[in-house]
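Every chain is named by a letter (A, B, C, D and E) in the order it is written, and numbering of its residues begins at 1.
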Amino acid sequence: MPIGLLTLLIFLPAAGAALVALIPREREAAIRWTGLITSLLTLAVAARVFGAFDAASGAFQFLERAAWVPALGMGYTIGIDGFSLLLVGLTVVIFPVALYGSWESITERVKAFTIAMLGLETAVLGTFLSLDLILFYVFWEAVLIPMAFLIGLWGGPNRRYAAIKFFVYTMAASVLMLVAIFAVHAIGAAQLGERTFDLTRLADLRLASVAQAWLFAAFALAFAVKVPVWPLHTWLPDAHTEAPTAGSVILAAVLLKMGTYGFVRVGPALFPEALVASAPIIAGLAIVGILYGAAVSWAQTDLKRLIAFSSVSHLGFVMLGIASLNEQGLQGSLLQMVNHGISTGGLFLIVGLLYDRTHTRMIADYGGVAAQMPRFAAVFTIVMLSSVALPGTNGFVGEFLILVGAFRQSPWWAALAVGGVILSAVYLLWAYQQVMHGPLVAKQPERLTEMTSREVLVFAPLVALIFAVGVYPKPLLDRSAATVQAALQRLERPAMVQAPAAAVRSHPDPPAPADDVEAGRR
Amino acid sequence: MVPSWAFLALSAVLFTVGALGVLVRRNALIIFMSIELMLNSVNLAFVAFARQHLSIDGQVAVFFVLVVTAAEVVVGLALIVDIFRARETVDIDDVDLLRG
Amino acid sequence: MEWVVFLAAAVLAVGGSIGVVAARQPVHSAVSLLVVLVALAVTYLVLAAQFIAALQVIIYAGAIVVLFLFVIMLLHARSGEGLITKLPRQSAAAAIFAALYLAVLLLAAFGAAAPLRTPPEGFGTAQQVGELLFVTYLLPFQMAGVILLIGIVAAVVLGRRSPPGADEER
Amino acid sequence: MDAAALLLVWPLLGWLINGLLGRRLPAGAPGVLASVAIGASFVTALLLLGHYRALAPAGAARSVPVPLFTWFGAGDLAVDAGLLVDALSLVMALVVTGVGFLIHVYSIGYMAHDPHPARYFAYLNLFIFAMLLLVTAGNLLVLFVGWELVGVCSYLLIGFWFQRPAAASAGRKAFVVNRIGDAAFLLGLLLLFTSLGTLDILEVRGGVDQLGAGTATVAALLLFAGATGKSAQLPLHVWLPDAMEGPTPVSALIHAATMVTAGVFLVARLDRLFLAAPVALGVIALVGALTAFYAATVALRQHDLKRVLAYSTISQLGYMFVAMGVLAPAVGIFHLVTHAFFKALLFLAAGSVMHATHDVIDIRRLGGLARPLRWTTGGFVVGGLALAGVPPFAGFFSKDLILEAAFAQGMTTGNYVPYALGLLTAFVTAVYIARAAALTFFGRPAEPGGHPHEAPPVMLVPMGLLAALSVGGGALGAHALGEPLLHFLNGLLGIAGAEAAHPPAALLLAVSVAVALAGVATGWTLHRARRDPGLGPVGAVLEQRWYVDALYDRVIVVPGHMLGRWLAGPVDLDVIDGVVNGVGRAFGALGASVRRLQTGYARQYALAVLIGTVIILGLWVLR
Amino acid sequence: MIPLPPVPLRLLAPEIIVFGTGLAVLLADLWIPPARRGLLVAGCLIGLGAAAAVGFWIPDGIGFSGMYLRDGLTLVGQNIAVTAAALGVLIAPEYLRRTGLDRGEYYFLVLVATVGAMLMAASRDLIMLFLSLEILSIPLYILAAFARPNVRSQEAGIKYFLLGSFSSGFFLYGVALLYGVAGTTRLPEIAAAAAAHPSVVAPATGVGLLVIGLGFKAALVPFHTWAPDVYDGAPFPAAAFMSVVAKIGAFVALVRVFPVTLGALAGQWTLILGVLAAVTMIVGNLAALVQTSYKRLLAYSSIAHAGYLLVGVVTATPAAISAVAAYLAVYAAMGTGAFAVAIALDRGGKEADRIEDYTGLATRSPLLAAATGLFMVSLAGLPPTGGFVAKVGIFLAAVESGTPSGLALALIGVLTSVISVYYYLRVAYIMWAPVPSTLTPAAAGPNGLAVRLHASPLVNAALLLAALAVVHMGVFPARLTAFVQQVGALLR
């Protein structure tokens, strides 16, 4: 069987990790380059997928199906649609950046680090591309291990606590999802007469309202912890604070998106009724998160913690968009997932860059850095303004779409959420001023050297994306539009008997008889 | 004829007394003898049931219990002797290095 | 008549068992155990299990108890129990739960009991038992042999003189 | 008309070149480059004006959309990035590029000794770009982009000397306070979009009739709230005085002539919407009048020359809003234009003073500068007279028209409050500007020594041109000349309604002149020869800006930060995370207690077996 | 003359091969010089391999007066046991040589215990089951005490022995009661008779006492108390072997007795086993949470795993008991593997039984650390390892059974798995964690004693095999899940 493009995409980093494992650990340069080149190759494969993606279709594309564990009904089913495409794109961009950005900050156990990062990339891509629920869960959990190690081994002084908290907290929530997956499977076996975890098949299920409520609650809990939705967020500041720069970047940029992705991937497909019913709750928590995260950010003394709480706030927007359950809200959420990845990833890289020089994350230890590092100041300004969602940068369009979506559901949602728009300026500008402006504070100012050309290269793609997405987000929005519409269509008719074939269409060219049977069932 | 419940009751009592011995005594040898008591009460039950069903299988079972008991006695007494040689005690409560 | 024999044996057995459990000296326990074993052999006779009764006396009383006594002598027959128990509440709890357990066991025993019928000729004879043992129970019989072999190996392993210096704590 | 985009391209190019290559350019190049870019924009604007006048004969209202590209869309929302060329946008573009050009040129001199000219001019060009985007946007969301971008430029330029904590804080304050207004603006846009399904300005203007009265009022008020942020009206005015921490040309350009007028522009841009919301109009007039009066009184007792001017700006913006509120948007725009001239002039003169005195700007420490700084003094006096509304200076014409419109509105509605406050403010205005001029330029120097020197020509020439405009700018709205600007702007609504009341124009004119002259006279008399009466307790209140800033600090900023710390500490760490860690600890404790059961005593283990047995069997028996 | 009964020896072939190998090893040990003891290991492996292979060739059937049953469960259970034994043999020599315990009896006892487990898988009769249990148990008692006169090993032996005999008494009483109820000890007939018996208490008590006997072997709470102490005191390879093989024997028997044979009495044992499963999962994981000894950690972990396995037994659907078998296979690999790591180390000549002894292992032996990490991940039930697939099988079946209790057990199972993640990953973490400056593991461990690494090709082979198995069963579990289907087929 020829290897499909998506399979290649998922396992290319893993293959790179295997290659790295063969390199003696003393040859750090070779290890680093292998890692970087692997991630760039992955980017190239993803670019190919991005180019060949048919934006007009809301169905899964590049579908691959193979038997995996037939006895238990698990299959290797992967595919890509508008939801996954954007996040895959984000992932493959962020990983090379994070790897290259760690060139000098990770000097110990480079080999293990590179293997962990590449393994993580495979797991993340797998999560975004799996259509089989167990496969999805496998990748979902597999993400935890390398990430926990990234935090626990290359992290700050309190890394062990943070790594364990991250792992146990998120896993505690995910295992309930696993049980819910089993339940969906069981109901599927009873209703469809077919033992399967295939999301595209299970989408034909007609779950009772009560079942939907409970099962969705289990799924939602897993996703909400990952996002994290207030008040399930407390693992995040610790994880972010202790993680090495690359870990924080990946965590913020990609891992948190797994939660939001989960909502849009599973919610409309399996639990349309429950999703609609719980939208006000999700929105309420999202709004609390927006305001709470922002307010708490303002009170932080540690830069990384501040950015971590800003993530809580920003992801509140994403969740609000999802809870809006309309085209603008969902589109905005998807775009904002990408945007948050770029902006917050960038912010963590910025803190990392400072930390590399001064070995402190405390805001009070900084001041007047801008005068020492003007080029860095420019980058910081741009990234910060992108995080503030300044028009012209990437953050704005997403945030606006989300607000439009929210406003349509209830003007009050938008009115409250707008408070976050204000507060994000309050705390980010405050932090920026404390660090960059005023008289020089650093104990060893000579360490505050201007960005190296490598560091410029690290930030270049992010800055370019900040402006590109800000000025012309259409290519992204166009590619997710059809998928969003298809998902919303499912919500409109909770009685899912005649689900639109296009939306849940699973195989492009199934053998004719089977197709007839399935068409009949649909 | 003595009804079978009488034998069974006797067996139950003996088993319980044996079990009690295991729980309250500290001398490993006495504990071990209490275990023998328990096994013997089982034998009584087997024999009583064999009589009740008029099937010999119960009596054959006693034979096997006997064999197992014999082997266990070898193992158990060897262990107790060995421990005594090392610690100069057969108080089972003194054997408490491993805990937690 | 049977009742008398049974009751006598039962009293002896229960008394002996209490002796096993309550005796200060292991030797007394062993002797009490012997009493129990013999008393049980008597009940086996009442239950038409002549062969088993014989085995009981020969193997249990003759071999096993002797082995116990041998070891008791070897270990200087000391009680081996310190004066102060480390588990003060153990006995009380044991008594309570043993009583409860006995209650359940008695219930079960009465439940399982059924009226007795007169045994056929030759019931419980050595021939009958042996026939069953070598025909129906052929495989278990072989397994019993394996168990005895294990016992021998155990004696070898556990009785071997330790290599010098090996008896310190790891 | 498609060339309208060029208007934006020049400053954008200037920004890119200065921003990316600035540090490699020769020392003087950034300023020249930036000025040329804005000059080119100005010329483009002039050409556009000509073109537009050819397209639209005098008196005809016409809007020419210039579509560029589809920015983004989702569902029924489609945002087209496009421009809108009409009288209003042309006037604004001309003011922005014209005044902007002069100030760029002035900056070459003013910033000659600054180590980072490239950064400065890059920001300035970016600002012009953003401002042009704001005034020419064809879509409200694009307008909002410009709106926010000018805010960022303002932030960057106020904090240009970021090593000074005051400057950095001022920049941040400006941005944050503006954000509050922007949030309201954004909500207004959301309401408009959800009600009308579009954000295209022409479509919104055309669709106002479909809005219910309530929706229109709410939308109008939200947008006006946005305007109060950008245009520093009560209650969001607090950032503007602090913004004076930035380089003075920036204060002139951004915080006097152009950006702060964006709020006024916004109301004019959506005149139809506001017209459909009479309640909102009343609010606007009232807020404008109150702001005008409040800021003027505060300006009476400020000692930093630039702060006096800043409060003056706030006050004058109040006038413009009064004009908007009393259905005279064209007049408001007229005042916007004249104000741009004379306030820019005043600021540049103040900058010249700083240039001469090495950044001493406290008028109590100045005095007697008239002799060494002849040209600067002249410029300041001209600007001051224009501000005071003394005929025939430009400010007189525009301010008088506003008061007239306010009076006319009073005749229709019976509400003369805006007019009365406006008149009172006119007096106070004359007083404070006379005070500022008297203390700064006349009398003997407060601190002898130092040799103030006049600014170089590159600074004086722009001042001269602005002085000329401050003198002659009134012609644009002079009745005798047929009010050419108002005529040109007649696409704006409201004028007809105001004129219908037929106010006693001549009488009002006389009163205005009398008040202005009286004010100047009072101010001069009180502060002649460097006297500065404190005005007693009232003066103290005024000096403390009516304690508004202190109030905000105590009621909003400090409690807000405390709330944040409370949430971060007791709530987040102790309660929410406490529960999480508590669960972890509970499991640890449970584990430890389970572990303690493993005592090491075999007898106890046997007891456990027995207990387990009894429980298991008991379960059955009891069942 | 007594007519000669049919003796279908071919049914017994695997057991005979393994036992024969054991005898051969025992005898060969007498004249093989100590230097060439490797031959013993080779012999064991050949014998075990042959037994496993032969198993596939023997058709199913019943023999020996209906006492011996060869079916899918027998084949699967025996082959898992044989595999576990092979791993157990592989990891032993290095340790035994190091501690001066290298004697042929060790291998004999391992092989005989394996025979016991194999016979448990084939028992169709309670007497035979009892004898099999003893054939499994008695060698394990001796193995626990194998390092005598080491007092810890002795203590392990005596505790295991006394408690084991004690619980044997209960088991036997259960057998007697069921015999009393049914008049026979053949399992299928007992099922029929017990269901029809007028008294509920008698058969129920009998069944309950069987649970206790088997539960003791399987180390179900509250019959688990011996396990931590015994594993702790027993020599490492013995602990590894007994933790695995006892579990295999006990669970194959539990499956055989309860779901397969006494399915008709499900009402009598479902609740009990369900409660036991829940308590076992909870207690095992909680206690493991606070351990500092690697051995005790694994002991409690093995208790916890018994809880998960029991969920499958309780669920008693075809999918569930298949999953139990699959779980046992995975556990044989990961359980032995986790113990085997410790064999490659020692601290100052003694067992490296503290978790902290593994500090910085990754820098000294990355592969060893990687293998350990893998086993920990698998034990924690995380993908992409066999441990995950095994847990999915069990809990999926529990949820699919559609009963509230199944759902509840699955929930308890996954949540306690989360607890287990904490202690497993602590071990994995410590191997990669930066070494505190006060402590250089290469030079001196805690106590100032050096933690040394012993490279042994056999241990490495065992680790490699176990690791490959764990990964293979995690990534491509199709073959395993297909193989164990024949267990589930017994219920259909």
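We adopt the following convention: a residue touches a chain if its C-beta (ideal position, glycine included) is under 8 Å from a C-beta of that chain, and two chains touch if they have at least 3 such contacts.
Remember, predicted model here, so these are calculated numbers, not experimental data.
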item: Chain-contact steps, minimal, separating subunit B from subunit A; value: 2
item: Chain whose Cα centroid lies at the greatest distance from that of subunit C; value: D
item: Pair of chains with maximal C-beta contact number; value: B-C
item: Closest chain to the centre of mass proxy, which here is the mean CA position; value: A
item: Separation of mean Cα positions, subunit E and subunit D [Å, integer]; value: 77
item: Subunit B and subunit D: spacing of chain centres that average the CA atoms, whole Å; value: 96
item: Centre distance in Å when subunit B and subunit E are each reduced to the mean of their C-alpha atoms; value: 26
item: Whole-Å separation of chain centres (CA-atom averages), subunit B against subunit C; value: 5
item: Per-residue overlap in subunit D, given as positions that touch at least 2 other chains; value: 595, 598-604, 606-607, 610-611, 613, 617, 621
item: Touching two or more other chains - residue numbers and ranges from subunit E; value: 127, 131, 134, 138, 141-142, 145, 148-149, 151-152, 157-159, 162, 166, 173, 177, 180, 200-201, 204-205, 228-229, 291
item: Numbers and ranges of subunit C residues touching at least 2 other chains; value: 86-87, 90, 94, 98, 101, 104-105, 107-110, 112-113, 136-137, 140, 144, 147, 150-151, 154, 158, 167
item: Chains grouped in pairs wherever the two touch, ordered by label; value: A-D, A-E, B-C, B-D, B-E, C-D, C-E, D-E
item: In the complex, subunit A residues that touch subunit D; value: 165, 168-169, 231, 233-235, 292, 295-300, 309, 326-328, 331-332, 368, 370-371, 374, 378, 381, 385, 390-392, 396-397, 400-401, 403-404, 407-408, 411, 414-415, 418-419, 421-422, 425-427, 429-430, 433, 436-439, 471-474, 477, 481, 484
item: Interfacial residue positions of subunit D with respect to subunit B in the complex; value: 595, 598-603, 606-607, 610
item: Subunit D - residues contacting subunit E, complex; value: 587-588, 590-592, 594-595, 598, 600, 602, 604-606, 608-609, 611-613, 616-617, 619-621, 623
item: Sites on subunit E touched by subunit D in the complex; value: 158-159, 162-163, 166-167, 170, 200-201, 204-205, 208-209, 211-212, 216, 221-223, 225-226, 228-229, 268, 271-272, 275-276, 283, 286-291, 419
item: Complex interface listing, subunit B residues touching subunit D; value: 19, 22-24, 26, 31, 92-93, 95-100
